[in-house]
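You will see chain A twice below: alongside chain B first, and alongside chain C after that.
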Partner chain A sequence: MQKSLHLDPAKCTGCLQCEMACSYEKLGEFNPSRSVIKVFTFHEEGRFAPYTCTQCDEAWCLRACPVDAITMDMSTGAKIVIDDKCVGCKVCTISCPFGTINYVQETGKVAKCDLCGGDPECAKACPTEAITYIDANATGYDRMKAFAEKSLPSANTSA
Partner chain B sequence: MSWTRKVLRVNLTEGTCTPEPLNMEWANNYLGQRGLATKYLVEETDPNVDPLSPENIFIMATGPLTGTMASTAGRYSCITKSPLTGAIACSNSGGFIGNEFKNAGLDMIIFEGKAASPVYLYIENDLAELKPADDLWGKSAWEADEMLHAKHQDPNLKIAVVGRPAEEGCLYAAVMNDLHRAAGRSGVGTVMASKNLKAVAVRGTKGVKGLENPDEFMKTVTDGKKVLADNAVTGEGLPAYGTQVLMNVINGVGGLPARNMRDVGFEGAENISGEAMHEPRTSDGKPNLTTNGACFGCTIACGRISTIDQTHFSVKDKPQYHGASGGLEYEAAWSLGADTGVDDLDALTYVQFVCNEDGIDPISLGCTIAAAMELFEDGKIDLAETGGIDLRFGSAEALIAVTEGVIAGTPFGKIIGMGSKRVCEKYGAPELSMSVKGQEFPAYDPRGIQGIGLAYATSNRGACHLRGYTIASEILGIPVKTEQTESDGKPELVKAFQDATALVDSAGLCIFTTFAWGMEDIAPQIDAACEGDWSVDKCLEAGERIWNMERQYNNAAGFTSDDDTLPKRLLKEAIKSGPTKGQVNRLGEMLPIYYEVRGWTPEGVPTTETLERLNLS
Partner chain C sequence: MRHVIIGAGPCGVVAAETLRKQDPDSTIILIGNEPIPPYSRMAIPYFLMKDIDEAGTHLRSDDFYDTHNIQYLGHAVENVDTDLKVLTTDDGTEIPYDKLLIAAGSKPLLPPIEGADLPNVHNCWTIEDARQIAERSHSCLEVVLMGAGFIGCIILESLAKMGVNLTVIEMGDRMVPRMLDDKAGGLLEKWCIEKGVNIRTSTRVNSIKEEDDVMIVELDNGETIQACTVISATGVKPNTEFLKGSGIEVDHGIVVNTNMQTNVANVYAAGDVAQGKDFSTGNYEVQAIQPTATDHGRIAALNMAGHLVEHNGSVNMNVLDTLGLISHSFGLWMGVEGGDSVDIYNEEAYKYINLRFGADKEEDVLVGASTLGMTQHIGVIRGLIEGKTHLGVWKSRLMKDPTRLMEAYLSCTQELDNVV
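For the complex of A and B:
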């Protein structure tokens, strides 16, 4: 079964545990500036939103890479950057519609989410289940369930 | 390690920024943040220094856990000598800037001297420089924050900044960071502004690394987070209602002071409670609370993000306050609300917004206005003095008018900016200042809750709930329930809370974790991160050492046991009604025992044996 990261901004508190978990897994240090999952704060709206690569099936980054440095992890479906091949040309960062693959000046290469080989640290670190790793076919089911609940006769009438 | 082992020393007089190694011998005795920065202050300044002179130093300090994945580990503190109290000042703040300091490779920044004209400190990893801030001077904290982000074109820049009242000498000005988090108490912002230092803007991308035992650390922090999640207070109450979960609880047990502590019990408490913040308003159908928000690394997320009804009189012509921003915490809701007799939730939220916007401690502000209201009702202040403000208890209009006056620097606003002690002395009724060592009370009545009275009287920074939160035990039963109106056993309880708190404040963690965490949860996290032995016993000893060091500083600054007291009202005027009717605070019974338990003389001075035991001699 293929799984996907499922992001629910309504549950996010903006604590950045996910960013620390991500950087610790990849670099062995707590460094939110190097995390490939990012939490954005919308102060005026009072909202927080985590965002990262959605792992497109037809991945623009993979297709754009001139040196075949981006490949698919067949076990997870993640598009992963092979550091030894990446030349830092940044074409993938231009091609990605979501901005979720980025150049890293400290390494001279690009970085993106690789789903941690199928056990994403961000999801494990999230204290509010704003980030979960679930059946790729079921990412809409929690919202579907919420609407299903609204359709229940007992919840819909004032007895 | 977990310390970066680097201190940035900024001489504002000379205009220099010089890195130096952290004193690791001190770090091994005082851990970090509150304890370690106080050690630097004690070693480098005369306790009798004028707090607002260039000779006072101002320190921003992180703890060894700041910037790590331990829950709540994003804290930093501002340490200096307080202009409000003349005692040691240490104000702790969350938000995100503490982590940014750490990621820039800094344990602390020490500011010396005074700049010739306004400056701000810009830090980008190893780069640190003072830059002119003439354009920022005279601007609110929010405006200055926005201008700095625009100037550096960096949305990730983290900023600590003072507002206009700090520049004008308001004695309880805060240092704001991340728009709505504050190093709030004791006037640390006033000291920062007195040095012509408007802001610190920092960007750090170096990573926090070098933990002593990484695998053990990750295991202990994961265990710790589970304890927080499973606890009723940190896992349910605080996320849902914030600290405002306390308003109805404290009122219900006869512990909520009202109207400058003239009364205990506030009839409007429900209207300004955490529960009320969830209720949809009749006017616009939306609740005051928009969402809860977390500080860096915090898995509790008690922060309130609120929105004011756009038609409310306080903001109807002010669209800049129509968006969401940092809302009411319990202490502010009490001081601005119950203590002034105002139960208009949106009015209090507006005052909270402007306190954040311009960097004012809402506890001292609310209590000073409450004292002025009593002076006004007693005929000691008249309309001519207030500039036409009808300063009566219960008036939201008066609360707002005075607050705006403090920010605008009106003649009466400047008087209110001096704090309740000076205001009440000025108008001939010093007994009406509800303060200890010149700092105003938080939201728990020492008559209805005995231990907190002793904690206020002996707090090293003046009246404060965060120096020994015995409410946890006396009301909430954490870690064990003690009877709130009982004074027996409270000296031991107060000491235990004070020592543990001093350690937590020195680690980079938030004190709210201690609703769920004991030292047996905290010490292993410190021990796994830091070199050396940080067992439970060593942590508690370090906490006691820090407390005694602060006490010695205050004693050297001229404080005596006479200052370990409460206003006469709390010692003599019994509570008139409610569950705690008839109670006064029995400080006279508790204080001598407290000194004994502390290993101090009957005059409140640590004995030679105590100093030797704590390696302080």
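For the complex of A and C:
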């Protein structure tokens, strides 16, 4: 059974442990600005929303890459950036309609969530179960993904 | 079924890949006009800067074509006979097809300037061009770049990094006039000048002469610049000459319908050579951008394989990195009549964001944007434009602070429970 990240804004307290864990896993340092999961703050409502790549089926980033630097991890379904191949052209960053693949000026390459190879650190670090890694079918995550994708007319063109 | 694809850029390669998935038993022939494996022009600047070797520019790994049973030929196509359904390459080989995809891309325009055809005036379009520029610029002190459009700006960085004294001549009144407005283009120019690049906007090259291996570039402002190499990046046009007499309708590019079909049965066109549907205007235009090329290629291939799939139109969008300053444009970045717009312009920080909203029933829908100095979550601009997302309360919040785009996006496209 394929697992996926389930993000539940209602449970998020904005503690940013996920961003700390993500950057520590990827960079070996606590640097939330480089985390590929981000918590957004809604001041008016006093709410928070964790957000990262949904590993969408359309894989806009993968399809747009001119040098085949983004591939799919068959075991997790994650779309993964191969640093050695990425030239930093940024075409994927404008192609992804979810805004979840970003250019990193320090490295000259793009970065996105790779599900930590199937053991995502953000989910382990989250103290309130706002981020969980569970069976894809059992989550409302699919609904969230579908909701985002149905807003895009050209998402319907895959046969 | 015998599928033939003319053009081995991103569009042709994505089409071949899609066809192989959809039609496992078909014959697929991919024809590029250079005798090297299919590569990406997007990667040329990085090749020029020696960030990557030549293999790093390749669109797919070199065994991809064999493992996917795609025959790759490195020859120019000289003629297409749509009655006999056969094309002829420059070595006289005749290749019959059942379904044909023309994804021949574009080629650089030679500016109508005396001396533009001198051997030391180079385009920077092919790997071979890049090899020559790299060789020539090695011992070079002065380089002149004609054109500060998208392609000019993409190679500007590689040239500047070679340590040459670089002068850029642009006839428009600002840099990248077809992608950036006055403020963004002006800020980019200031940035380049600060980085030591000489920029001349609203300036034309009158003539280029060569004397004793020195190129003499005469400008219309009376200035004369001596250089050892002149690079021309004054625009591109669709590669359609070889279609003369084929009966395939060509306007600015090849005319296609929403199934990427031309006016001739069994002939499709896609990518930079095709006049595809623009998402924002609904008009059929040559966009000549990478994401559109791959969209076109995939949709054309699906239709060739017998799936009736419509192209809803591609959002025109660009991203550019000029000596470390990153700029973007999306959709109707110049705005629409009756639509609101908001911008934040910070000259010292080299930051700019401009949002454009629609009119009437779409007054709370984002229709275009341009940015300078932003790199995070930039793709949601595409998401909001293409989703025609009604921003509701977030429209007025964005009018006060356009940098809150990501919050607006999340609120309007994700189910955030109680979050309005």
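In the analysis below, the second predicted complex is superposed on the first by the 140 of 159 C-alpha atoms of A that agree within 3 Å, B and C clash if a C-alpha of one lies under 4 Å from a C-alpha of the other, contacts with A are read in each partner's own complex, and residues count from 1 in each chain.
Going forward, a contact is a pair of C-beta atoms (placed from the backbone, for glycine too) under 8 Å apart; a residue touches a chain by one contact, two chains touch by 3 or more.
Given the structure is predicted, the values throughout are model-derived calculations rather than measurements.
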Determine, under the contact definition given at the top, whether A:K85 touches first (chain B), second (chain C), both, or neither. second
Looking at the overlay, what does A:Y103 touch: chain B (first), chain C (second), both, or neither? second
After superposition on the shared chain, which partner residues are touched by A:R63: those of chain B (first), chain C (second), both, or neither? second
Residues of chain A touched, compared between chain B and chain C (which is higher): C
Let me test your reading of the model: by the given contact rule, A:T93 touches which partner, first (chain B), second (chain C), both or neither? second
Go through the superposed model and pick first if A:Y51 touches only chain B, second if only chain C, both, or neither. second
Figure out whether A:T71 sits in contact with chain B (first) or chain C (second), or with both, or with neither. neither
Residues of chain A contacting chain B in one complex and chain C in the other: 44-45, 47
The chain A residues in contact with chain C across the complex are 9-10, 38, 40-42, 44-45, 47, 49, 51, 60, 63-64, 66-68, 85, 87-91, 93-105, 108, 140, 143-144, 147-148, 151-154, 157, 159
Show which residues of chain B lie in contact with chain A when the two form their complex. 67-69, 71, 96, 99, 103, 156, 179, 204-209, 214, 218, 225, 229, 239, 290-299, 301, 305-307, 323-325
Quick one: in the complex, what on chain C touches chain A? 10, 14, 22, 40, 42-43, 46, 51-52, 56-61, 290-291, 294-295, 298-299, 302, 307, 309-314, 317-319, 321, 324, 326, 328, 330, 375-383, 386-387, 389, 406-407, 409-411, 413-420
Contacting residues of chain A [partner chain B, same complex]: 13-17, 20-21, 23-24, 27-34, 43-48, 106, 125, 127-128
